[in-house]
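Both complexes below contain subunit A, partnered by subunit B and then by subunit C.
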Partner chain A sequence: MAAVVGRRRASGGGRRFALLTVAPATLLLVGISIFPLLWALRLSFMQDSLLSVATPHFIGVDNYAHLFHDPLFWSSLGVTSVFAVSVITIQLVAGLAIALALDRLPRYQQVIATILLIPSILSPSVVSFQWRQLFDYYSGPLNYFLGLLHLPLQGWTASARGALPALVLVDFWEWTPFMVLLMFAGIKSLPRSVFEAARIDGSSGWQVTIFQTIPLLRRVIAIAVILRLIGAFKIFDIIYSLTAGGPGTSTESLAFYTYVQGFRYFDLGYSTAMAFVTLILITVLARLILGFMERPIGRSVG
Partner chain B sequence: MPPITRRNFLADSAKASALLALGGTSVGSLLSACGTSSASSEATTLAVEIDAGQNANPFMWFANDMQSAVGVSPKIIGLPFVGQYEKIVSEMITRSNVYDVLVFPPFFVGDFVAKGFLHKLTDFGSESDFKLDDVLPVYRDVYLKRNGNLYAAAYDGDQLQIAYRKDMFDKAGITKAPTTWDEFVATAQALHQPPTQYGNAFYGQRGFCYGWFINIFAANGGKWFSSDMTPGIAGDAGVKALETLIKLKRYAPPNILQIGYPELNEAYLNGSTAMVVQWNDLALKAEDSTKSKSVGMNGYAPSPVANYMPYSRVMAISAYTSNPHNSYKLIQYMNRSEVSIKDVYDPNCGEDPFRTSHFDTSAVKDHTGKPTMSAAAATTYVSANKGGLAIGYPELSIPGAPRYIDILDLKVNEALSGGSTAAQALKSASDEWNSITTALDKSAQVKAYADWVDSFHKAGINY
Partner chain C sequence: MATAAPTLSRGRSAATPVLRVGAGRWLAYAGIVIGVIFFLFPVYWMLATAVKPPNEWLTNPPVFIPSRLYFTNFTDALFFYNGVKGLVDSAIVAFSSSAIGMVIGTLAAYSIARFRTGGTNLSFFILSILFMPPVAVAIPMFLFWSNLGLVDTYIALIVQYLIFTVPFVTWLMKGFFQDVPVELEESALVNGASRLRAFWEVVLPTVRPALVATALFALIFTWNEFTFAVLLSRGRVTTLPFILPTLMESHNILWGDIAAIATIGALPVVIIAFALQRYLVRGLSFGAIKST
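After this line comes the complex of A and B, so read on.
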């Protein structure tokens, strides 16, 4: 009995000690992460425009309600969705294919992987500048090659139809290598014995890839998709530098429109509400992808 | 005393904390922090905010002379051309003293004065220091003053202007620059021979394409607003103007929606475009053999019927600078006629004439004293400038102007890209303008607009 009481006392003291130990980190977390988030949440329920004569005041859910009637919000959501689906699909397929090819290389895997990383390391403004030169109608190399092939020159970012695909191309160039590296690291972590057994059982290389490699990579794929989903929903830098959201609103993403409302029109309440809606959207989508990842692996892999 | 608001309170608390923390600081520094310094205690290297690129060059060309003459020198802080407004406002609302001198387009003046971002120049000297009698009335009365007070000094006098290839006109049997927009469209069509020669080009990129719409809108008799702040853009004058611009797109390079200021210069200077409407500094570049393929083959003329004057640049003292007296000296130096005349004829910057004395064609030399264009070209250029001013249509410059303009620009760009018809785009912009007016307090906007229009009349502008 005495031993039990002693243990209880020890566990009570231990709890206090534990609380004391985590308190600084918790306070820091609350101070630099939770408090600003709550402050921003409060702001999203306010009418607060820095250039308005009105004093900031509480307006309930009006900012959120206004979002549903704002055609520019819906068009920017549409642009973001098309962009996200396009880049994730293309980058995933290309990333996986290149990673599989890289895995089969007998030599220079590390060297190639390092070189592949360069586009993702570059500053987005450098990337935008270089693509601005590439897309240039008169002196850009892309149109130069089209001219050599006697094909019509392209305006690239100059048409409402062409601008978004041009941005997808830039994002593809910048972020596919990142996808390749994630997939390559995933492939390297898979147990070789499974593939060897499949080979002994007579499976072709294609069958091994489809029925073993890809299912086993499912968790890596999910993480990669979530990371790129977050990146695609936050896309701002290359839009700002290459198209400024135009022509018209054809490349105006959610992040760009939030910036316009917050930093060009200084409507803090409305732009914060938009940011929270984006946050909720990404969280829900990420949760769905994680849910898919946590589903038990089917018979084909067993 | 300014009203106690949340921001004022936070800023004042921060300032008080800083002062307490610097308990041992000298009285001079404290006075400086409170903005009541004298010129002798102020810094002599001053942070000059300006859109980055060629327009900052004159400050650097004259840095040494300025130091000798008035004892101050500039440190340039370049901001992006599109995005300058939000960057300045972001700094100013936190009462940042990162800028001493602000160089910006006058359509920011309405907002900046209303929000208390600027010192009056006359707090540190006299109006006579700026020889205002020599400044062209349209810039002096409309762009520099608010409520009778001088807040800014001119740095650049922009206007749109036609630049055209006389050789291409001659070849097509066209004898003069167009004087109506119907003529302009017909001329562009006649000269359009893609892919080697395009009939015309204009600023089609998002950011400033609204200016090329307003240029035609003004010619159609359009007004920004009626006296009760009903937007004028969605009426017949506006719809017809936007339809004209959309029509002109047919006779333009295929990348027209990608064309901004540098690309528009390039489209003309590389010899592929017969006629452009562009800011007037293009003429200086078109007559410079290091930049142009058409030296001696260019003609210049005002835009048909009315001539829009978008942008321009003025210099003002930030309300939060610790160095207001020295900032005044820098502004006064750069505004001098003998300094500014060297800028406005130099093809390596974008500054344009804003003083009567700038129209002396014998002064067409760059800052090193080298002639920049032939006497004949200079005469045509100056004549086009004078003609443009006579039919000048000023840029909107009331509180909220950047926001009104941004929305208009977006909608014009949307129509140009085929996303909506001219009527739909302008109706949508008009609705947004009404929302902005309401948000900014309609009665205050009515008064601000009336005062602004009144300044036109004082400047002799028929509006």
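After this line comes the complex of A and C, so read on.
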């Protein structure tokens, strides 16, 4: 509302002020994001490898064509997809469940929400260190617990089959709290009247949850899924610190393979082409989710 | 009402939850207890390791409660394993980038909130930068910095971090400015104040708590930042998130010392988070719930 009034005022004389104040941010962001992106786009159509003696030259869409024949690209896309689907699913379910439980506490909701949030606000390198310790084959508490339960000990991040699930576990630990925060805020913003009406109708608590609460949270759920999708597609930090893409290439995600091509093999053209494909994938998927979740079934929450 | 979104427990009375069936309540309690244990155990393990004497770092079965408090880990971490340098570098980069980001972002936020400068396109552009994978711009930015001979310098990291401090500050402060009644500036303008003075002396003081909260969030992000730190550093500028993986590679067995550094890195962030409780939702969800 204030903004509408402000707009009418703006014609009154603040035009110059408005442009001057917005200029530094705009110029800076164009300089460190749009300009590099355009530069990267140009680079992605070039043969430019720091390890090659040939001078950089345009090769059209060869880098993109090469991607289609690169088994490591496809396997990294597979790793990223498995990772994204797993973490989004379990984080959404657990996040929603914990948020609903939190909403039922008679007191201390805010303090407990803050305590639960700790994993999401730690630096990824602190998170990686903590899990490096927990995963340790010999002295780690995880294998100790497995031993107590007479279950086979795991190699965790060191085993070819277990490494990706181990990373999913770390991401689950790190980002479920953030999901809880979003869902909890979403629940708190719902109108009371809906639930009171439902209760008068004689609906049980579970019915209210499934048929009233969750549909009303569609928009928050869509945003949470998109945020986590983006997070999963740019996942780099815990892979870098915990598995370095291995064993073999079993945990080499899109972002990590892009890093390997660019910063280890110095194939700049190829690496930037991959970065662009990732960017396009994220944008398309985010649009699809928004479109799917915001179809006008039921009421919107905002 | 400026703080409608961030106050978690005020909007609706905490005593009237969405669900109110007796049997389910115990399930909820159990879920919360399990959740708290699961999400805090790794943090506890780090804290415990940080005060364990060396002979308890790598035992089987693991030591769950340190036999004594061994603070030598902290002095070793700080003075033998570059902890002090890491702290100083992290602080320089985080404070500089947050401060610059605050100035630039707050100005832009005010302009967008009051004058709708650039319409929805500009504010969407600014928000969308937050969602760009760092790897997408890493190579051109790396080439840029190396052409200037600035790879592995404070300047490179400070400017690079503006790529998320500026959009974040702009987005968050925009929401706060929109809640300030426009009549405040109007009366100042009528009394002959310039736009700048009205902004500086009338508007800014009313959003002071929001400024503090936003700055603290910016500090958390820059203090924690990992990807650019790894890609743009070669060992001269070593922030804490850069040091930790290096130590894990080269001194794999020194759990206690590394845990001490990790604890030092985590502590400020956790303290800030508890101070920011009221702002957590709005700050961390980029206004996803309310202000979009």
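Observations on the structure shown:
We adopt the following convention: the second predicted complex is superposed on the first by the 264 of 302 C-alpha atoms of A that agree within 3 Å, B and C clash if a C-alpha of one lies under 4 Å from a C-alpha of the other, contacts with A are read in each partner's own complex, and residues count from 1 in each chain.
Methods note: a residue touches a chain if its C-beta (ideal position, glycine included) is under 8 Å from a C-beta of that chain, and two chains touch if they have at least 3 such contacts.
Just so it is clear, the structure is predicted and the values come from calculations on it, not from any experiment.
Of the two partner chains placed by the overlay, only subunit B lies in contact with A:Y265; subunit C stays clear of it. Of the two partner chains placed around the shared chain by superposition, neither subunit B nor subunit C is touched by A:V85. When the two complexes are overlaid on their common chain A, residue A:Y138 makes contact with subunit B and with subunit C alike. Between subunit B and subunit C, C contacts the larger number of subunit A residues.
Look at A:A275: by the touch rule set out above, it reaches subunit C but stays clear of subunit B.
When the two structures are aligned on the shared chain, A:I187 is found in touch with subunit C, with no touch to subunit B.
Touch criterion not met for A:V93: it reaches neither subunit B nor subunit C. Using the contact criterion defined above for the overlaid structures, shared-chain residue A:G248 touches subunit B, although it does not reach subunit C.
In the overlay built on the shared chain, the residue A:I115 is in contact with subunit C alone; subunit B does not reach it.
Subunit A residues 138, 263 lie at the interface with subunit B in one structure and with subunit C in the other. Considering their complex, residues 49-56, 135, 137-138, 153-160, 243-250, 260, 263-266 of subunit A touch subunit B. Contact residues on subunit A toward subunit C in their complex (touch as defined above): 2-3, 5-7, 9-10, 13-15, 17-19, 21-22, 24-26, 28-29, 32-33, 35-37, 39-40, 43, 97-98, 100-107, 109-134, 136, 138-141, 144, 173, 176-178, 181-182, 184-190, 192, 195, 199, 204-206, 208-209, 213, 220, 223-224, 227, 230, 233-234, 236-237, 240-241, 255, 258-259, 262-263, 268, 271-272, 275-276, 278-279, 282, 286, 302. Listed in rising order, the residues of subunit B touching subunit A in the complex are 5-6, 82, 85-86, 89-90, 93, 111, 115, 195, 204-207, 253-259, 263, 266-267, 270, 272, 399-400, 402-403, 406, 410, 413-420, 439-441, 444. By the touch rule above, subunit C contacts subunit A in their complex via residues 5, 8-9, 11-12, 14-21, 24-25, 27-29, 31-32, 35-36, 38-43, 45-46, 49, 57-62, 64, 104-105, 107-108, 110-118, 122, 125-126, 129, 131-144, 159-160, 162-163, 166-167, 170, 178-182, 186, 195-196, 220, 223-227, 230-231, 240-242, 244-245, 248, 255, 258-259, 262, 265-266, 269-270, 273-274, 277, 280-281, 284-285, 288-290, 292.
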